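Alright, structures below, take your time with them.
Presented sequentially are two complexes of chain A, the first with chain B as partner and the second with chain C.
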Partner chain A sequence: MMNFLNTLDRRWIFLAMALCVGVPILVIGLTGYTFPETPTPLAEAFFNEVDTAGEAKGRRANILVALDFDPASAGELNPMAVSLVHQCAQKGHRMYFISLWPVGPQMIMESVDKVIKRHYPEMVYGEDYVNLGFKAGNEQVIKVMGIDLTTEFRTDVEGTTLSKIPMMQGITNLEDFDLIAEISAGYPGSKEWVLYAATQYNIPFVSGMTGVQAPQLYPYFPNQLQGLLGAIKGAAEYEFLVNNWVREDAMAKVLEAGGFPESKAMETAAALASKPQQVSTWTVTAEASTLGPEAKTKLIELATAPIPGEYLEGQRRMGPQLFAHLLMVFLIILGNVIFFAQRRRGGGA
Partner chain B sequence: MQILTRFIPLLITGIAGLVMIISAFIPYTSEWGQKAGQFFNILAAFAFVLGGGNLLKVHLKKISDQSVGWGYSGVVLICFIATLFVGLFKIGAYPNPNFPNVPFSGETQGTGSWFWWAYEYVFKPLTATMFSILAFYVASAAFRAFRAKNFEAILLLGTAFIILLGSVSAGVFVTNWIPNDGPFGDLRLENLRIYIMQVFNTAGTRAIMIGIALGIASTSLKIMLGIDRSFLGSGD
Partner chain C sequence: MSAVSEPMSPRQRATWAVILGVCIILIVIRCFIGEGMGKVYVEPTNLQFGELSADTWKSMDQSEFATFVASNPDAATEQWTQYDSVPPSAYFEQQQQGGGGSIFLSWPRTIGLWLAAFFTLAIYSFLYRDNPFYKFAESVVVGVSAAYAMVVGFWDTIVPNLIQRLLPQFAHDHLTPGMTLPTDAAQFNNLIFLLPLALGIMLLCRLVPKGAWMSLWPLAFIVGTMAGLRIVGYTEGDLLSQVRDTISPVYVPGADTSTPFMAVWTTIWSSVAACLLVIGVLCCLVYFFFSVEHKGAVGGVARVGIWYLMITFGAAFGFTVMGRIALLAARFEFLFDDWLWLIDPNQKRALVETVSMLMCL
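Now for the complex of A and B:
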């Protein structure tokens, strides 16, 4: 047995990994089941920073959204980008998309199509969001943008001069943004934004990144990097927070319209959004007696409405991740059992 | 010739480096840094042309020499030229709705264009596949190489287990019996993972980062002062 395991053909390991990844994908795809996520302080910090951006200035926030990744890491990073755009759109922030990666514009288009065009069709290009596209030059682009953005970007991705885009009025350099939110797969990416933008100009900065990149960025949290999402786990946590908040926000609006004071509406909405299965029971309690039947129906609808699939990608991908990690742990233990058994017999490893 | 191949490149390097350093510390000269940055960005755009030329040169030579695997070079060249052609000439791109009668006004990457098609159905699946293959090799390597041979290896192994399990819901499941807000809440696997990343990892990474920064500073000075000339392409 030990000999068989010691000389195990690696194709068996490949097959085990394929099953550990493939079967959960199929099961989750068929059932829609996702594993529960508990957001860590890092994901909460990311969410809060986006949520409160621009509040101090009492106007809509200008968010520079840099999507610096390509399809190779899109599996890990796309759910982060989608959730980020989702939160910004729901919050009413103005989004300025750019990329330092050649295929970044496609990543931008994908997020815009999935979120803005599909779920926020009322948002107007040039007034609510703009795509400035890709610029070659890595960190030098960031450095020049810090002094004069229009030197680097003369037109948007469609070739429209920036002066003709309404939301570009008053934007001259990086200091005109309330927050830089970046999703990164390597160089140029999070580190360059920390070094040449966030630290130099003291601009709030949050970043989502691949798992291999995250350890290098932890030293910057929380002083130079106010929020950090690492790998698909970070994406799933953030996605959970955004989905919950969107439901909560919609419920608060219904409650406010139904006569609840603002603070009470928010408090109640938070409680209801965390336990959506109890909303229908709550609507028959004395606390909900001031609400009209329409508001009650709307609340039940909000609680039971399925979350669109594009907003669940991160949480769904945690399924294959779970089984792949368990397989890794099993393989490491098995490898060590063989190692110690051989050593006891006096063989080398 | 020494002036063209040695003196001028060294002079440009020295001046550019000096300008960047000065502009970072003296606010009056920050515009110099901006100008140098613009020069760099223009050069970076040229680098794409240079890269394309280099790609052609290397693979054409491989094909002409009929060296091992020259067929792959043929595939690279065909894909490169085809992508370049459909991108530059905007084949299949819908006209820009604002300028419907202007030729080439459409978006190169617009949905439905050939460039978009090549990206969506060739480039995207290929790069995603290449990255996904890592999972299989990592699993195989974990089985064969991750051995508890000594104390350091045991520490590494323990950390790997905590990070692997703490990154998925298995970690929560295994240590769910420890109250999160109790005195031992930090021992839950998902909290231990964060502790390891924020304390041990941060300490190690900072040390490495400071070392790298000092190394970069000294190497940059050597290049700027012309002591290290390896970037000129000679054996100096």
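Now for the complex of A and C:
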């Protein structure tokens, strides 16, 4: 047995990994079931920064959304980008998309297509969001943007002069943004934004990043980096927060329209959104007696309405993670058992 | 465990051949079940634009455009057809209603989808062993990436940052008609931008053996600029800010004060975390301090520093594994969803397709 394990071809391990990842994807794809997520303080901080952006100034927030990644990291980062755009769109923030990566504009278009064009068609290009495209120059672009944005970005991605784009009025440099939200796959990415924008100009900055980068960026939290999403786990947590908040927001509006005071409506909506399966039971309780039948039906509809698949991408990928990690742990233990067994027998490592 | 390059036994080779054969047979069967697989449907949209005044264009619908053309026969107009991908369910619905709609199968996009599936499998075939499919896919990736970066660099950097400034009229007429011509005469033919142009050409002189020395000047400019930029960035963002963040109280009141127990509990853990942070920084600094021999107390502290570093490397490895699995899951999802139509997490196809997939399974 030990000899068999010692000479096992690594291709069998690759096959085992493929099964551990592939089978859960099939099962989750068929059943629609995803594992529940418990958001960590880092993901909550990211969410809260986006949620409260611009509140102090009492106007729509200007969010600089930098998508610095390419298709090679899209599996890990796209769910973050989609959820970020989802939250900004639902909140009514103005989004200024840019990228320091050559393929970034395609990633921007993908997020815009998935969220804005499909679910927020009322948003107008140039008034609610603008795509400034890619600029070569890495951290030098950030540095120049801190002084004068129009020096580096003269036109948007379509070649339209910025002065002709309504939402660019009043935007001259990085300090005109209420928040910089960035999704990063490497260099240039989160680190450069921390060093040349967040620290130097004291602008609130949140970032989602690949797992490889995350340990290097933790030391910047919370003073130089106000929110951090690490790898697909961070993406799934943030996705859960955004989806829950969107449902909660819609329920609160129904409750308010049904006569609930604002604070009570928000409190009840938060409780109902966290346990949507209990909404139909709640509607027959005394607490819901002031609500009309239409409001009750609407609440049940909101609780049972399926969340669009593109907003569950991160959570879907946590199933394969579980089984693949179990396999990894098993293999590490197995490898150590073989190593120590061989050493005890006096064999080579 | 044995390396990939080691030869396989005939039995192992036969097993792998059977696995590959079963996969190919399942894919062929899948092609003939239900509505098939791996197809992309598109819907055309006609877009019309009319120039209201100099450099001011307006998007119009069909009737508005016809009225505009009739009333302004000399006005500049543009129109084209845009093809947007639509979910297969929209096409199935159109066919069920007797067909004749505007949605149709897009062969170029369908071929693109199959090529994406082929290249994904070709790259993964390297896990079995190095082979011509992998080599081909690898070469295509390198070539396409280089060409793409060049084209994007030209349109996003050289055109707006150089040509639009040096020759705005030329850029407006031939490259970016959407740009606004500068009103200030000083902004026309801004000759200061000849300097970066000259530096750029000098950098290309690297390719000429006799003129290679000329590339050293722009290179020196780049190195000098980057060094200056990074010294400031790292001193301010890394050194000073991190030192400031490390000098923090080790007693941290807990955030959760909902109950007295939780207040004490969270205070203890927050304070322990703050202590561990300070200890970790000091121990790691001692480990990297080589002017004193790592013996006795210094050796002990340095050993704690090594433990901290090992835990950091372990966390980084764990994160890396998580990232790689996420990428693998994304490619599998693409193969199962977009190509094979086995799953439908984004509700892009009709229920009938899910049923046909179950039959296939």
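Going forward, the second predicted complex is superposed on the first by the 349 of 349 C-alpha atoms of A that agree within 3 Å, B and C clash if a C-alpha of one lies under 4 Å from a C-alpha of the other, contacts with A are read in each partner's own complex, and residues count from 1 in each chain.
The criterion applied here is as follows: contacts are C-beta pairs under 8 Å (C-beta built on N, C-alpha and C of every residue); 3 or more make two chains touch, one makes a residue touch a chain.
Just so we're clear, the structure is a prediction, and the values are computed from it rather than from any experiment.
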Which partner does A:326 reach: the first (chain B), the second (chain C), both, or neither?
first
First (chain B), second (chain C), both or neither: which does A:136 touch?
both
Between chain B (first) and chain C (second), which does A:308 come into contact with in this model arrangement: first, second, both, or neither?
second
Give one of first, second, both or neither to describe whether A:226 is in contact with chain B, with chain C, with both, or with none.
neither
For A:21, using the defined touch cut-off, is the partner it touches chain B, chain C, both, or neither? Pick first, second, both or neither.
both
Looking at the overlay, does A:83 come into contact with chain B only (first), chain C only (second), both, or neither?
neither
Figure out whether A:148 sits in contact with chain B (first) or chain C (second), or with both, or with neither.
first
Go through the superposed model and pick first if A:244 touches only chain B, second if only chain C, both, or neither.
neither
After superposition on the shared chain, which partner residues are touched by A:74: those of chain B (first), chain C (second), both, or neither?
both
In the superposed view, which residues of chain A touch chain B and also chain C?
8, 10, 13-14, 17-18, 21, 72-75, 103, 105, 135-137, 140, 143, 152, 157-159, 214-215, 219, 230-231, 233, 321, 324-325, 328, 335
Which stretch or stretches of chain A touch chain C in the complex?
5-11, 13-15, 17-18, 21-22, 25-26, 28-30, 32, 72-76, 78, 102-103, 105, 133-137, 139-140, 143, 152-155, 157-161, 163-164, 192, 194-196, 198-200, 210-212, 214-215, 219-220, 223-224, 230-233, 306, 308-310, 312, 316-317, 320-321, 324-325, 328, 335
Per the contact definition, I'd like the list of chain C residues that touch chain A in the complex.
1-4, 6, 8, 12, 16, 19, 55, 127-128, 148-149, 152-153, 156-157, 160-161, 164, 175-180, 225-226, 229-230, 233-234, 236-238, 241-242, 244-245, 312, 315-316, 318-323, 325-333, 336-337, 342-347, 354, 358
Chain A - residues contacting chain B, complex
8, 10, 13-14, 16-18, 21, 35-38, 40-42, 70-75, 103, 105-106, 109, 135-138, 140-141, 143-144, 147-148, 151-152, 157-159, 214-216, 218-219, 221, 230-231, 233, 318, 321-322, 324-329, 331-332, 334-336, 339-340, 349
What residues on chain B touch chain A, complex-wise?
30-31, 33-34, 37-38, 40-41, 44-45, 47-48, 96, 107, 109, 119, 123-125, 127-128, 130-132, 135-136, 138-140, 142-149, 157, 160-161, 164-165, 167-170, 172, 190, 194, 197-198, 201-202, 205-206, 209
